[in-house]
C-alpha cells in the first residue's frame, strides 16, 4: 500500500479544481450548493468526497462535467483544470468531447440509470460510438469486450437484454462498463454501491480497484460511508454545507481527524470492537444552503464553538503537510 | 408479442358485444319511430301496420337478435327518414368526409402537439413555454364550437384567407381540422411537456449526457421515446374525442360527414341510422384503443413481459 | 441527490403544484380572487339580479334597431356609384337611382361627387351607410330581431347557473349514493355498479347526450337530467374509492360496535369525510357542465328558443358571422371566460382541499 501510494503521489496532476462555486437561483433565494471548493487529483489516485446528503457532493460532481441542472443551477466562479485546460472556458460542443471520453461518471441508482426502452447492447454501443465510429460487427465485439471487463457473465447474450431483465448488481456493472467504455482518465463514482447488497458491494468495489490498477484511472469516490473510503481511497475530502472542511490522506485523516465534524462523523460509524449503548449521532441539522451563516457553518452543532466561530469563517489550517482542516480550534491563538 | 396482440383483440371483441347491446338499447330509448314516420292523425291500425312492417312489434331481445344477424351480413337496416335507403349506404356515403377530417385532425394533433410539447419542455420557463401554457388552458376552457367559430371569424371572415364552410380542397379542411384537433393538440402538448420534464430529470438521461451524447440525441432518442408513453395512452382516447368532436365541428363548418348525419338522424329519431353510426364510432374507438396498446407495448418493452 | 442538495423554498402562499408554473396562470392560481371576481360578475350576480341589471327586455327586440353593432363600432360606409338598373340588383359598389334617392332623403348617404343641384344623377358617387353605427343604448349590439345582446347574455347566465347547479346536485347526488353503496356493500352490488360506470365512461358523452335528448323532448329539465346522467359515473368512482379507504378506519368499526345501522354509518360517519372531495369535484365539474349545456344548445338539442341560453345565442350568431360578428362573439366569450374562471377556481380548491384528486 505504501509503495503504491508513493508512486501515486509522484504521478502527474490531471485535475485541479480551484474555488469552484455552483449556486442555484430560485425566485426567492440563492442556494449555495457548492461554495468555493478546491482540490486536485493525480493520475491513478482515488479521492473520496464524504459528507451528509445535501452537502453538495453530487453537485460538485455534476459541476465537473458541467451538467448542473439548468436553468436554476449555474457555476458562477472558479476553475476546473483538466490536464491544464479549463473546462469552464470550453463551449458546450467541446465539453461534449470531454464527457465520456475524459471524465465519466457512475450514477448512484443502477435501477434508474439505464434507459428502460433500449437494450443493453444499444446503450453500451452508443457510449462506444461516441469515441470512434466502427463497423457494426466491430462495435459488437467491443461492446462484448466492455461488458466482459466488468465481469458480466455471458456478455454476448446480455447484449439483447433490456434493463428490467437484469439484477441491480448486474445493472450497476453495465453502468460501469458504459462509464469506462471510452477509457476516460477520470471517473466520478457517485455512491455507486449504496443501493446494492453488501456482498455485491464488495465485488463491485474490488472490480473498480482492479480496473484502476490496470488502467491508471483516477477516481473521485463520492460516499457517506467511511468504511468504503478506507477500502478505496488514497485521499479524503470531507464536505459540509457546500465547503470542504477537512482534506488529507486517508491514513492521516483516520488517525487524526481534526475538524469536529469529521470527528463526529467517525464517531457515528458503529465499531464492532466497541460495545455502545447508543449509536452516536450529531445533534441538530446542517444549515440551509439558501441561508448560510457568516461564520463557521458547523458552529451551531459544534461542541467547541466560541464567539470567533460565529463571526468569521476559519481559513485552511495545516494539521500536517498533506492535511488541512477549516477550524479555529487549530489556530495557535485558540 | 403475438400472444399479447391476440389477447387484446379478444378483449376488444368482448367490448364490441357489450357496446352493441348498449347501442341497441339506447337507440330504442330514443323514442318510437312510428310516431315520427306517420302523421299525427294516423289511426291505430296504421300504426300497428307500420310497426309490423318494421318489425317493431316483436319483443326487444328478438329485435336485437334479428339486428345482430343482419349486422353480421353488413345490413344495418333501412333508414326511416331517408325513405327506405339502407343505413349502410348513407353511412358509406358520409364516411369519407368524416374520415378525411378526423385523419387530418389526428395528423395535426400528432405533428403539431408532440414537437411543440417537446419544445416547451426543453425551453421550460421561456416565452415558448408560457405561450404553450396559455394555448393549453384555452383548449380546456373553450368548447369546440367556440374555437371553431372564433377561428372561422378571424381567418375566414376578417382576413378572408380560408373558406367559411363546406367540403372542398385542402383550404376547406384547415379550419375544421384544426378545430377538431385543437382539444387534442392542447392535451397532448401538455402531457408531452410534463412527461418530457419527468424523463429529462431521470438518471438515464443524466447518464446519456455523461456519455457525451449530443443534446438532440439526448432529447429525441433517450427522452422522447420514454416520454411518448404517456401521450400515447392519451391517443387511445383521441378516437372517441375526434368522433365526438366531429358532431360539433361538422355542424359548425357545415361539413357533410357522419356527425351531421347522426344529428339529423337523432332529431328525426331515425334509429337505424343512429345505431349504425354510433356502432361504427364505437368500433373505431375500440380499434384505436387496441392499436394504441400494441404500439404502447412496442415502445415500452416492459409491458410485453408483464 | 441533486434535488436534496437544493431545498425547495416554498413561501406560505404558494400552493403545491403552482411552483412550476409561471406568469399569469400561476398568479391567477395563487390568487383565485381574480377568477372568483370574474365569476361573480359573469355568472352569479347577473343570474340573481338579471331583471334589475339587464338594460333591456331580453325577449322583445326593437325592430327599428336590428343588427346594431356594439357601441364602439362606427357605421360602415361604402363608396358607391349611382347606376340605372331597372329590375336588377346593383353590383357591388353600385347603387340604383331609386335606392340612392331614398338613402339621401333619410340622410344615410352623402355625395362625394355630383349632387351640386341637390338631385341625384346617374354616375354620381355617394358614400352610403350600409350599416349603422353602435349606440350606448345597446352596448354590445343587437341581434337580428333587435334584441339587446348584453341583456340576453345576462339572462343567459341564469340558465348556465341553474343548469349546472341542478345537474351537479342531481348527478353528484346519484353518483355519491351509488358510490357509497358500492363501497359499503361490496361484492355483487359493487361489481354491477362499477361495470355500469366503466361502460358509461367508455361512451362518448356528447353522443350519449344527443341520443338521450332525442328520446325525450328538448327542454330545460331534459338537459338537466341528461347532464346528470353524464356526470354521475365519475362521482360514483371517486366516492367509492374514498369511501373504501375510510371504511376500514377505526372510528367506523367503533360505530359498528356501538350498534349503528348501515344507513347511519354510511351517511353519518362516512359521508362527512367525503364532503371536501365532493366540493372540489363539483367545482371542477361546473366548467365541464357549462361546456356540455352550451354545446347541446348550440346543436339544437338543448335549451329551446327563445330562452337566451348562451349556446343558442351562439348558434343564432353563427348564421350571421359574416355580417354581424357581435351576435356570436360575445356569448362565446361569456362561455369561455366563465369556464376558464371556474377551472382556475376548481384547480385552486383542489390544491387547497384535496390535492390527491389531481389525476381525476
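Order of writing sets the labels: A, B and C. Residues in every chain begin at 1.
Definition applied: a residue touches a chain if its C-beta (ideal position, glycine included) is under 8 Å from a C-beta of that chain, and two chains touch if they have at least 3 such contacts.
The model shown is predicted, which means the values in this text are computed figures rather than measured ones.
Asker: Based on mean C-alpha positions, I'd like to know which chain lies farthest from chain A.
Answerer: C
Asker: Just the chain pair, please, that has the highest number of C-beta contacts.
Answerer: Among the chain pairs, B-C has the highest number of C-beta contacts.
Asker: At what distance in angstrom does the C-alpha mean of chain B lie from that of chain A?
Answerer: 53
Asker: For chain B and chain C, let me know how many angstrom lie between their CA-based centres, rounded off.
Answerer: Chain B and chain C have C-alpha centres separated by 23 Å.
Asker: Could you please state the distance in Å, as a whole number, between where the Cα atoms of chain A are centred and where those of chain C are centred?
Answerer: It comes to 58 Å between the two C-alpha centres.
Asker: Check each residue of chain A and list the ones that touch at least two other chains.
Answerer: As it turns out, chain A has residues touching two or more other chains at 69, 108.
Asker: Where in chain C do residues touch at least two different other chains?
Answerer: There are none in chain C.
Asker: Provide the list of chain B residues touching at least two other chains, using ranges where the numbers run on.
Answerer: Counting only residues that touch two or more other chains, chain B contributes 125.
Asker: Name, in rising order, each residue of chain B that touches chain A in their complex.
Answerer: Within the complex, chain B contacts chain A at residues 124-125, 201-215, 222, 225-226, 299-302, 305.
Asker: Taking the complex as given, what residues does chain A use to touch chain B?
Answerer: The contact residues of chain A facing chain B are 65, 67, 69, 71, 92, 96-101, 104-105, 107-109, 112-117, 126-127, 130, 162, 164-165, 175, 178-179, 182.
Asker: Please name which positions on chain C make contact with chain B in the complex.
Answerer: 21-25, 199, 202-208, 210-215, 287, 291, 294-295, 298-301, 311, 314, 317-318, 321-322, 325, 328-329, 332, 335-336, 339-340, 343
Asker: Over in the complex, which chain B residues touch chain C? Could you list them?
Answerer: 15, 18-19, 22, 26-27, 29-31, 125, 129-130, 133-134, 137-138, 140-146, 149-150, 152-153, 157, 164, 240-241, 243-244, 247-248, 251-252, 262-263, 266-267, 269, 274, 278, 281-282, 285
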